[in-house]
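You will see chain A twice below: alongside chain B first, and alongside chain C after that.
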Partner chain A sequence: MAESERKLSNGATRIDFATDPSRYRHWKLSVDGDVATLLMDVDEKGGLFEGYELKLNSYDLGVDIELADALERLRFEYPQVRVILLRSGKPRVFCAGANIRMLAGATHAHKVNFCKFTNETRNAIEDASASSGQHTICVVNGSCAGGGYELALAADHIILVDDGSSSVSLPELPLLAVLPGTGGLTRVTDKRKVRRDLADVFCTTEEGVKGRRAVEWRLVDEVVSNTKLDEAVAARAREFAGRSDRPKDAKGIALTPLERRIGPDSRDYKFLSVEIARADRTATITLRGPDAPPPASVEAMVAQGADFWPLELARELDDAILDLRLNELDVATIVFKSEGNPEAVLAYDAFLEANKGHWLAREIRHKWKRVLKRVDLTSRSLVTLVEPGSCFAGTLAELVLAADRSYMLIGQMNGDNRPPAALALAPANFGAYPMSNGLSRLASRFLAEPYAVEQLRGKIGTTIDAEEGEELGLVTFALDDVDWEDEIRVFLEERASFSPDGLTGMEANLRFGGPETMESKIFARLTAWQNWIFQRPNAIGEEGALRLYGTGRKPAFDTKRV
Partner chain B sequence: MAESERKLSNGATRIDFATDPSRYRHWKLSVDGDVATLLMDVDEKGGLFEGYELKLNSYDLGVDIELADALERLRFEYPQVRVILLRSGKPRVFCAGANIRMLAGATHAHKVNFCKFTNETRNAIEDASASSGQHTICVVNGSCAGGGYELALAADHIILVDDGSSSVSLPELPLLAVLPGTGGLTRVTDKRKVRRDLADVFCTTEEGVKGRRAVEWRLVDEVVSNTKLDEAVAARAREFAGRSDRPKDAKGIALTPLERRIGPDSRDYKFLSVEIARADRTATITLRGPDAPPPASVEAMVAQGADFWPLELARELDDAILDLRLNELDVATIVFKSEGNPEAVLAYDAFLEANKGHWLAREIRHKWKRVLKRVDLTSRSLVTLVEPGSCFAGTLAELVLAADRSYMLIGQMNGDNRPPAALALAPANFGAYPMSNGLSRLASRFLAEPYAVEQLRGKIGTTIDAEEGEELGLVTFALDDVDWEDEIRVFLEERASFSPDGLTGMEANLRFGGPETMESKIFARLTAWQNWIFQRPNAIGEEGALRLYGTGRKPAFDTKRV
Partner chain C sequence: MDIGNVDYTTKIPNNVGLADDRRVLKALEGWHPGYIDWWMDMGPEGFQDALVYLRTAVSVDPKGWAKFDYVRMPEYRWGILLAPQDENRKVPFGQHYGEKAWQEVPGEYRAMLRRLVVIQGDTEPASVEQQRHLGKTAPSLYDMRNLFQVNVEEGRHLWAMVYLLQKYFGRDGREEADELLRRRSGSADSPRMLGAFNEATPDWLSFFMFTFFTDRDGKMQLESLAQSGFDPLSRTCRFMLTEEAHHMFVGETGIGRTIQRTCEAMKAAGIEDPTDIARIRALGVIDLPTVQKKLNLHYSLSLDLFGSEVSTNAANAFNAGIKGRFQETKIEDDHRLTGSTYPVLKLVDGEIRRVDEPALTALNMRLRDDYTYDCAMGVERWNKVIEKTGVQFKLELPHVAFHRQIGEFKDVNATPKGVLLDDEAWAKHRDEYLPSKSDGDFIAELMQPEMEAGKFAGWIAPPKVGIDNKPGDFEYVKIAA
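Right, the complex of A and B next:
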């Protein structure tokens, strides 16, 4: 199956990230009191692309889209859920990992973006635990291999059934000549803190590890016999539920389907539009401010539910970014613009800040945090244009700080009487939305001058014009209307002329100065090595291990070490 | 110039890392009181390989081998030197960076290993400043581009001449579609803490930045007019010299040439031998313990000079590792063995520990630190065999901890009456030799159990046998003589059967658990992305930017972003 032959199943022309439980083919979500169960029961015939079957609970992007959706719903629709049990619906197999025939036939770009999305989903499991009191217990019954074990690693607690055959393994290297690249190696060393030499043995042992040794090597948290499994799971669920601060009696909100109009070169959502200029290789994402003041109370916010402006917009931005990542590979640069009243945006930020102890307000801020991280991790050049009539204030100002560079117009355009461009900061800019490196975007920006961040607190809520924005270092360039169009045109043309790979590498480095976290290590160290290996003939060449898997033929390696 | 056509110049058959100032073709080292000057004056005709000229002070591995040598000599031969001035011996150009025709024609393995070595040399400049009071001031007169600026970035202080034309730049991305991969991007963000959007502008601007803007953007520390340059340089040199704790009246020791016998499949040094088993794709490095007790005094150590066992062995190990890295690409696994008396090794460690305030003892420990880091960063599987008659004690025990895994024999071999294998720890194992991640190898090993490291302090100086070594987690497997040969043969065969690239990626991840430093970020995030780009057609394909540079033809890029 060569790169060009891949076709989406069922005549689909684009990968759609929108789904809901009524359409799941691979997961069963059930809730019993404060415990939810996510049962992985992959439909073999339900592959996203033609040409492979999802045997043995192996997965492709389509399976993970459902998982990501289920995790979001658990946070918003089920405030009472404190524990998520991750289990397999198949006998004798937990999960065989990413589908190998899918990987073998996938384009490099799809492999990389698939891994990135699954990484983000694994991180979302950990974020639900760290930020929202939804703890995950993974119950491994049967074989749990490769990406299957990487999924288990995202849980707070792994229970392995002690039946003489259930095992965990990372057989990617010996079987496929690639890495456990969806966080596997990093979570083994940095989360589970497996001793490095034992990790070496584990990652080179096809059949994996079972029983007591899996506990001794820190690969799982406990082993339990089949007869005692239900009891042990219930006990752990009670224990983790007891640590949660989820509300007892809150009513969830429904994540209703996003309203979208999808054109050949456009996407229109309620508060967001995407325009793709194919000749220029740009996609312009315009975010619109709220059309009404914030609700009068948290009860009114709950009543608005998915229509509440900050939540609606976050979901729309998430969908738009994923759509561009997977379906629009030729887009070189994403241009962020906004339209609206900065004061109105700040009013919503103030509302969320004032009510940040409420479970839904908290969820919405964490949703924005995750969406903004998704922006940071998007391998396209990002530029934000702060123009008259825009509303880059508070939460939306994060898109100015997330951009590789930004331009702000001084004064007004000839013949345009919209108010001059203005920026405004809110308390949320100072810590509510940490990047993968653990720092706020402001702290990442002013690594050399931490005091500058403190000084900017004094600007909270004030209107910052272009010249002040440049002076404060919040935007890259303030330009007047004489230079504006030419400068931006030249920038966009130049960007489109550069090597896409060079830009991807450069941006991946420049965006994340300062400290590293497990999360940033996964996206940097591990992912970059995996991407390299995904280009190497020893994995993907005609005689490479990934290509030959399942054919019975042995791969032929170039034995030179680099 | 395709990969296969590359030939070393002057009929050489291997790359040699041994040199001395009398043989330098590219650098002039001079010393005046406490200030040394390293003048870069690259001989165009002195390329390491045939097929390119080193114009405009551009460099290849041969140029960097001389720089690395000069830096070592400054530390050992010139204890009085407190400041190193890094200058160009050419008019109007500081350094044009890595030679592009060399890069375009180099194999992937050579490019990667070349970048790794230059990275290690840049780190050595910073280590001299941080650890040994030798501070570097870089004086940029003329254009300082790409790798030239990356070299400057390693200095403590960069002075840029303000003459309207001298500039610093990182034009790799726009010109060559590759990254400033020798620490450039990381030092810009993490050392100089340039704001990320300004860094984006800088790294996409071919012509770079000059004058005041270079200071404002934190790219250099000061700009000085030509007329005031000498005065400014002298003032800065005095200032940095004043911060140094180098001794005033010490006499240096000569780093005399290593005695080596180089056979087709062997290298023999005084205290170290390398045996290459080509069929097995292994290289066995055997280190030998001292043949005499430590000297009676620091004066006697100085008198021994380069013959002092710890220094001699460190230099030999360094040379052997570099030789394997660059000249023996087919070696899959490096096997470390040792021969000697552990007590004798511990006696030298105790001597160095007792005299660690003495400049030479300090230099020797830092040399070991750098050599051990070189081992960590070597992209080969590393295994240490702790056998009867071995001396993996103290400093040498670091090679057990540096290995991907280790095996230790229980008891003696049939018919062999050498003493049973023994390990021993010394205070040096608890912090004298940090890895790139800033942790000792013991702390990296026991990330899950920091208290285990503290408990091991109680074992300092005691003899640890195989079973205890396994129990304590210091070795991976303790085996008796019945299993020994088979287990190790199977391991080595298995290792040689795996994908070299997969192993490289896996080891790069498993070896560095825990925190990241600027140094580890360079070797992980930046290097991994650069290696990926070095495999991408947009850089190295027939129509790639690196391949076409200088031909006048424009590269044709695959515009898809991954």
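Right, the complex of A and C next:
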């Protein structure tokens, strides 16, 4: 059962990440002044796949896609919103976590991608608070278990109703023989700083902790009785709103639907195309530079809204990456290419840099930051080809730095009159887009030579050709047109021949050198521990806990400790 | 010590050797003042000083386990009473089928067991809280005494569960025991755990319906816990069932006497049509269609107490040997249920259909079916009462899809016959199926107390026999001056 493909609901053939509030089945987004409420009210019959019901506000990827969409909209469409209240629309249950029957019947690849996406969404909640002054208060009524508590953990502040039964719990280990896969354990120790022995008790107690003890153990921030709840929530909302620097009177922009043409082996967006070569198991993503100079003013940028090139392209890249992750599992390697004028890209970077105090410019940069992190965390080989006519400058140069390998052509191709391949750096490359390890891609790249990063500042705005790019360590190899095609072909063929699992592990190790952050730990531990446990017979074997969940039968464990 | 007899030398009467179990005795003595505070705050209002003719358990011998005497309720000797231990008892079902029954809590089932004990325990004080205002409108001293008997015994059932928590569940158990006194029925801040136990019991007809329907759910739950492989729980529940029988007797005879009075009054007034509500009500009795509506309400609320038809928790508890089926030991099958199925009523494509589900996960449904059968027998006995008077009316149980908040049918509107309605039609017809505000007002108006020994309010017939075979004019409650 576990590895047989599950059928998508309603005859769908692919998982689509595009949605909007008018199509939500599981969330209600409402805004009152500077406070928004995200009400989780999961439609039991609204599962993404057939074969399970989303009872007790449990969720699947479809529920999280809506949440992620709502969070994006809160940042772009509601600049005035300073506080998000995360609440349940169901009585006596906040959220029962990821749906177990969905997990038990999902392929391993889907489970991993599901966990990864939900982690990215939780991180987006924390990013809104840290980067954008949009703080989340989670109000927990009823039971808040597993992924439900992990969702709460992403908030700045957790209020637990003190009614003698509302509780928080991480019952994965005792109940399912797996771990909380969405950062639960790491946030318990690193964010909430729960004492390790108390955390041990908490994570092995199926029913969790309620009332005063939940506060004493630091699992929640406060407990409030039902009759005082509204007052307490309003007071906290005022307090957090007071800490925010979001504009009071700004008008948001509409995140209009992306224009996409989806073919069997291609996706075409306005500034981005994806070509899938199934035989080679590659997907080539070509990003296109702007077709006009940046607007004259921030007002003009707001007027362009979702059509503003950097925002449009970021949204397109996000959608394309997610599409490949979930719908194109056989693609081994993602090849990044670009077309356009590097100067034009740098002009947009300069515009965003000059106006970085403006709320929309700030949101767009953080959007790029999140999208680039999504690229970093994609478990496919990433290669960037810097060719004549490309525009890997400034923000787009991050895709060169994000790749596992990059190749740059020296000079021009025989018979091709496009300008020679060029790279260019902008101030944004030096800190605007940190990776999950907290460092810029340049700093991560030159861990042994921090001074090299400082020296590179001197190159900001200049054009870097292939030989210099290799010399500076910005690209892996500079090749001339004699070697180019063959080297690339051999590399891609070799890559496709390696064990996909081995590559996933190796790439994840090599991409995130240097320090750990809570975020990097969460993904690393998801990849290492949770995904290992998800594959073990004690969880998914015929007698495993995840497989038997719901049957009433007791799992039979292989008792050897590994 | 003779297990059959109760030790009254300790503050807490018991047959579990508390005198030699200093730790638990101390814990229970520590809990006792809080319990008395709770009883004074939340127990029967206005009658704490009255002398009530109550039975007190003195033995667990089924032939003679209680003695009757006048007692002030706060001085009632609430005790810990377990049915005698059978040394050879085996776990009667689940994956441990045939193993020796446990005298201690198995570590791996500790949380599950504690939860079951806490949920059961939570219902006991809840019903006392729900019924605390009823003394003031008792239709007779006989009924008032029955109410108080039910109340003190629900109190004792709380003690029974608290004993298990204190004895077997360590510090967590003690905390849960305290929480049982902290939650309050209907409270916004700390409600009781189950929905039906937060509903008001506004009048005596509701009380009778509650004791018939909701206490019968209690009976089914106790019956299935009485099968438990955890022997102390089994023994506790077996004795509780002896007391629970009286509660259902109060409900069944209470409704029986109500409809008897109604039918007699109709006959005397020459009213043949049971739906001629205005004329029947003018006689000061409760018309049968209103009784039916009350029945619809309480039956449907009680069905919710069984939980979802298909339940992982129920499956786990059965497989673990913690909670069995009704009369498990009398069922002829493998008592493991790993390969069998059980038909469950489900909503499939907008229709109510029977679907075979794995028997392990369908245990709530099975227990509910047993319950429905038990209820239907009682309803038939009521219909016999009506039939004897010659009135043409039959009470009946509504469809299981009717008025549900939990399980398969919680999102649909079904009539008592099981016909699905849209929201608009439901809103239009609701008051035909469930008590309306005006029905409630009428009943409330009728609830005038009758405190004179031997007399009964006009809407209810006297019982056939008195409690403890006392004569009709016996003063069951001596209300303090």
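One rule holds for everything that comes next: the second predicted complex is superposed on the first by the 557 of 562 C-alpha atoms of A that agree within 3 Å, B and C clash if a C-alpha of one lies under 4 Å from a C-alpha of the other, contacts with A are read in each partner's own complex, and residues count from 1 in each chain.
Everything that follows uses one rule, which is that a residue touches a chain if its C-beta (ideal position, glycine included) is under 8 Å from a C-beta of that chain, and two chains touch if they have at least 3 such contacts.
If you're wondering where the values come from, they're calculated on a predicted model, not measured in any experiment.
Colleague: With the two structures laid over each other on chain A, which partner does A:Lys251 touch: chain B (first), chain C (second), both, or neither?
Modeller: In the superposed model, A:Lys251 contacts neither chain B nor chain C.
Colleague: If you count the residues of chain A that each partner touches, which comes out higher, chain B or chain C?
Modeller: B
Colleague: One more residue to check, A:Arg212. First (chain B), second (chain C), both or neither?
Modeller: Neither partner.
Colleague: Would you sort A:Arg196 into first (chain B), second (chain C), both or neither based on which partner it touches?
Modeller: First partner only, chain B.
Colleague: Determine, under the contact definition given at the top, whether A:Arg457 touches first (chain B), second (chain C), both, or neither.
Modeller: A:Arg457 sits against neither chain B nor chain C.
Colleague: Quick one: classify A:Leu185 as touching chain B (first), chain C (second), both or neither.
Modeller: first
Colleague: Quick check on the output: what are the common chain A residues between the chain B footprint and the chain C footprint?
Modeller: Residues common to the chain A contacts of chain C and of chain B are 174, listed in rising order.
Colleague: Write out the stretch or stretches of chain B touching chain A in their complex.
Modeller: Result: residues 108-109, 112-113, 172-174, 176-179, 185-186, 188-190, 192-201, 203-204, 218, 281, 329-332, 379-380, 403-406, 444-448, 473, 476, 494-496, 498-516, 521, 524-526, 528-533, 535-536, 538-539, 545, 555, 557-562 of chain B touch chain A.
Colleague: Give every residue of chain A touching chain C within the complex, in rising order.
Modeller: Counting only chain A, the residues touching chain C are 162-165, 174, 205-207, 225-227, 549-554.
Colleague: Touching chain A in the complex: which residues of chain C?
Modeller: For chain C paired with chain A, touching residues are 95, 111-112, 115, 179, 182-183, 188-191, 193, 312, 314-316, 318-320, 338, 358, 360-361.
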